[in-house]
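Labels run A, B, C and D following the written order; every chain starts at residue 1.
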Amino acid sequence: MEYNQILEEIQLELTSYKGLGKLPDYIPELAQVDSDKFGCSIVTVEHKKHQIGDVLQKFSIQSISKVFTLAMALSFEGKDLWQRVGVEPSGSAFNSIVQLEYEKGIPRNPFINAGALVIADVLLSRINNPKAKLLEFINMLAGGSHIDINIDVYVSEKNTSAMNTSLAHMLKAYGNINNDINAVLDFYFFQCAIEMSCEELSFALLPFADHTTCFNYAGISLSASRVKRINAIMLTCGFYDESGEFSFKVGLPGKSGVGGGIVAVHPNKYSVAAWSPLLNEKGNSVMGMKALELLTTKTGLSVF
Amino acid sequence: MEYNQILEEIQLELTSYKGLGKLPDYIPELAQVDSDKFGCSIVTVEHKKHQIGDVLQKFSIQSISKVFTLAMALSFEGKDLWQRVGVEPSGSAFNSIVQLEYEKGIPRNPFINAGALVIADVLLSRINNPKAKLLEFINMLAGGSHIDINIDVYVSEKNTSAMNTSLAHMLKAYGNINNDINAVLDFYFFQCAIEMSCEELSFALLPFADHTTCFNYAGISLSASRVKRINAIMLTCGFYDESGEFSFKVGLPGKSGVGGGIVAVHPNKYSVAAWSPLLNEKGNSVMGMKALELLTTKTGLSVF
Amino acid sequence: MEYNQILEEIQLELTSYKGLGKLPDYIPELAQVDSDKFGCSIVTVEHKKHQIGDVLQKFSIQSISKVFTLAMALSFEGKDLWQRVGVEPSGSAFNSIVQLEYEKGIPRNPFINAGALVIADVLLSRINNPKAKLLEFINMLAGGSHIDINIDVYVSEKNTSAMNTSLAHMLKAYGNINNDINAVLDFYFFQCAIEMSCEELSFALLPFADHTTCFNYAGISLSASRVKRINAIMLTCGFYDESGEFSFKVGLPGKSGVGGGIVAVHPNKYSVAAWSPLLNEKGNSVMGMKALELLTTKTGLSVF
Amino acid sequence: MEYNQILEEIQLELTSYKGLGKLPDYIPELAQVDSDKFGCSIVTVEHKKHQIGDVLQKFSIQSISKVFTLAMALSFEGKDLWQRVGVEPSGSAFNSIVQLEYEKGIPRNPFINAGALVIADVLLSRINNPKAKLLEFINMLAGGSHIDINIDVYVSEKNTSAMNTSLAHMLKAYGNINNDINAVLDFYFFQCAIEMSCEELSFALLPFADHTTCFNYAGISLSASRVKRINAIMLTCGFYDESGEFSFKVGLPGKSGVGGGIVAVHPNKYSVAAWSPLLNEKGNSVMGMKALELLTTKTGLSVF
């Protein structure tokens, strides 16, 4: 597969999407990014990388971090985890508290904010220093050592936390948060503030695509079957209320973040990370979504 | 892959699930089936079949028919179809009218009843004799000529149609039904009353798994890209409010019906149909679901 | 109380509200009315009438008819009626089907469309010629003989009936409609198409205000206690999602219709009917609502 | 009116309701009350009191306190208050957070918990020592000096505050809380922990029934028109999702609390407080509701 040529074609076609969408406004740091940026990095299971654009620039991974914390929680809890969080698409906006009340405090899946808070609670119960362990895990996955949070983003997240705090208290009311609420929220804001580049993200996701290599990083180990289940959740729930659309158009398991990043995996073929800051109305990167759609269209390959 | 041996193991393990679940009670014909029945038929893209159990007995395919009508509507309308029906999971029970009102008459996807009614309306607008064409299409897909409806089921469906009639009138109120409502409903009840065996279903689904053969049956032709998109919708929406669970545990695109049938495809590998009449509380076959879960567990292969 | 002077003051103050709001557009007949019209007729329990404006012009009473059919159904069924329809405010738009599904086919109250359809079903079960009886009852209440339907409105209602037909089929699905759905809908459209003037409506409502006179008209008889309960439902449910607002600002039990009519009763004091065709966004007459608010403000009298 | 005799008849008839319902379990203090207790105190606008049962025993007034804080907030803010809280019935359970999200942080009315939190926020913005002022206001209303909170209840409320804390953070997220959330919640738990007897409550509510005496207590002054509007809100929203039922059966404005207390006013006639700890499934006192229903049935008088 001539990935390099395909990436060049994609970059060319994306020029007509420049300027579409808008920057997120809920924290100032995410609105200060150069909105024209775009990068895309593919790593194949043979460890060959194919890249185009701003693949080395760090950005806020935001909700993409939920893939990593889910992997950690699943390694600790095993299938018991599914007593506390579901695997069904949510069918509503990503902050929606409605379904949570309706379903008595069991979040629909680990990728809506409520689900990620429960996952955070699991990690706080299981690990002495979960922040350090999370960074260690991600650095190991990415094969580097320079991945850390952006302090300004972290502080800003804490200062605009009313809706997530509301969610956390409701989870507590239903008995689905065991640790101190402020500690859970603090961890959650920490994970959202992690910064990575497209290159780093594509390497960090490769272990989710490569089922032939043992998944064991920084003490976090998962069977191939569990890795596949994380992929399944990515496909059905990874793009909020637009998951069906992504599955339909791209056909790969993936996860997006409001920092403009998108990751996806083609099992046994490659992992890919794209980044462009302008978002559509559902909170997903306009050019990132389009890039991945073009990638599977041009390669003629998706999981379907 | 030793499918025959795997099927034997599956049948053995399923004995502990016998008697679990219950027969549907909304029409008497579906409740008169021998609840112990089980069959499973696999057809590989090399056209080898592997079967176990009651694979030749006909049963009511019910909602599985929505895959075939979607394929027909997509071949006629192309991407314009997505103006009238979405591709997002519904996140609620299969008859739910709520989302329909909330979303102004655009059904979330083609597999909830409201979506299937819109698909039926498309076919009535496009085809002179849509019932005959549907049967012709399915017979061509399955490579046979003996597939037809069960008249008793068809009549019973018509007599217990209040909720679907309510849905149809609401769609009409929002301008998303163009034909006579009774004609639309009549076609919908007709498609649900089609009877097929596991063997027939597995063959009829094979063209959705095999992207190397041109999809062109009885004049219904689809590009490989469109076939994949139908698969994507099956994966995210094929099992009502349990689609996430099926994707998570089985990892294949599929579709179930309240007649106890389940079909799934492993792209470029095989299609499979399982049948057992007892249903779980979500309306999916207990043993059928478990059979497919065991199949992908034992083969170690899913799309993820 | 100097009602005549107060009515003149009200008419003067209402000039600044002229032209506000819009005509209903769902059937053409309601949109052909002169939008500047305004009338208000008060009848005291001493049978003195005080009027201003276009009090003799007939208009479509629409949902105000639900008060009369409720009175009839209650006289036939007694408290058993409350097994089939509730008495709680609906808290959502007047056509909403959501709550109906959520509450298993028991409409929240008799004044939402679903509730009125159940009331219609009751009358069809109880009366041989319910249309004739309804007209006889209203003519007796109003002390006249010239009240009838507008045929054009009736025909138009039947031709724009999709949402109400949807509601009726859902009620049928839950077993809360016993008669033929088309007959139920036909009666419902008939009642909505009744035409009355402000004068006629104010007289027809007087028996709901006057608890000292026996309520017995055309064979429809109610105890004072039951009449009061109808008033209670008017106060909590009479203005769709704006009932709280009406109770808050006007302080009387009342009922509005999309024909621009509003009726209200001050128990043991008077009944009042106001009419002006332009509606606010909730479907209630702008000037009618304001007229009644001014009436209770200026008289200093409400039930509170 | 022979109130004393009527109260004796009511007490007699209530014996068949003894033991029905259950004690609230969300805080231990409310579950430790003698469940057989019952009291009822009527005070007429001529200041005559008529009582039966345990009318001097203090109990936790809980949500009844919302009437008093609403009166205070309305005296400070006037009609601007209605920019921050609505006057419509909520049509759902009393803790429901759904409508709050749907309506962008504007609680439907001041008597659902979210609305009471906004009212508390208003008081914190307007008064230096709102707790002291609230007690002073209630003591003035009741004409006494011994009304205070129950410290144990107050502490317990604070320790079981997760759902209300969730609500407060959501209100904050929508910009409808201006003060420190913990201070707002602290005041809210304080007001719920106030203890009063039936006698005290009936006197404290009398100014809401008597529109001939100037409403001016501890500096909180309201026009008769505003007092009537509070009564209107009590009638449409005072009993959570059972407000329509109370209006229908009792026909008076009123307010209940999970401590088993119920107050009501018959404008220009009397105020009444009833108390009995066992609650129905909607959270309203079983015997209290029945006592007031019998009162208006036997006197033949309601606002309707």
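The criterion applied here is as follows: contacts are C-beta pairs under 8 Å (C-beta built on N, C-alpha and C of every residue); 3 or more make two chains touch, one makes a residue touch a chain.
Since this is a predicted model, take the numbers as computed values, not measurements.
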item: Labels of chains that are neighbours to subunit A and to subunit D; value: none
item: Subunit B and subunit D, separation of their C-alpha mean positions in angstrom; value: 55
item: Whole-Å gap between the CA centroids of subunit C and subunit D; value: 32
item: Multi-chain contact residues (two or more partners), subunit D; value: none
item: Pairwise chain contacts under the document criterion; value: A-B, A-D, B-C, C-D
item: Subunit D residues touching subunit C - in the complex, by the definition given at the top; value: 86-92, 99, 108-109, 224-225, 228-229, 231-233, 235-237, 241-245, 247-249, 251, 253, 267, 297, 300, 302-304
item: Parts of subunit B lying in touch with subunit C, wherever the complex brings them together; value: 96-98, 101-102, 162-163, 165-170, 172-173
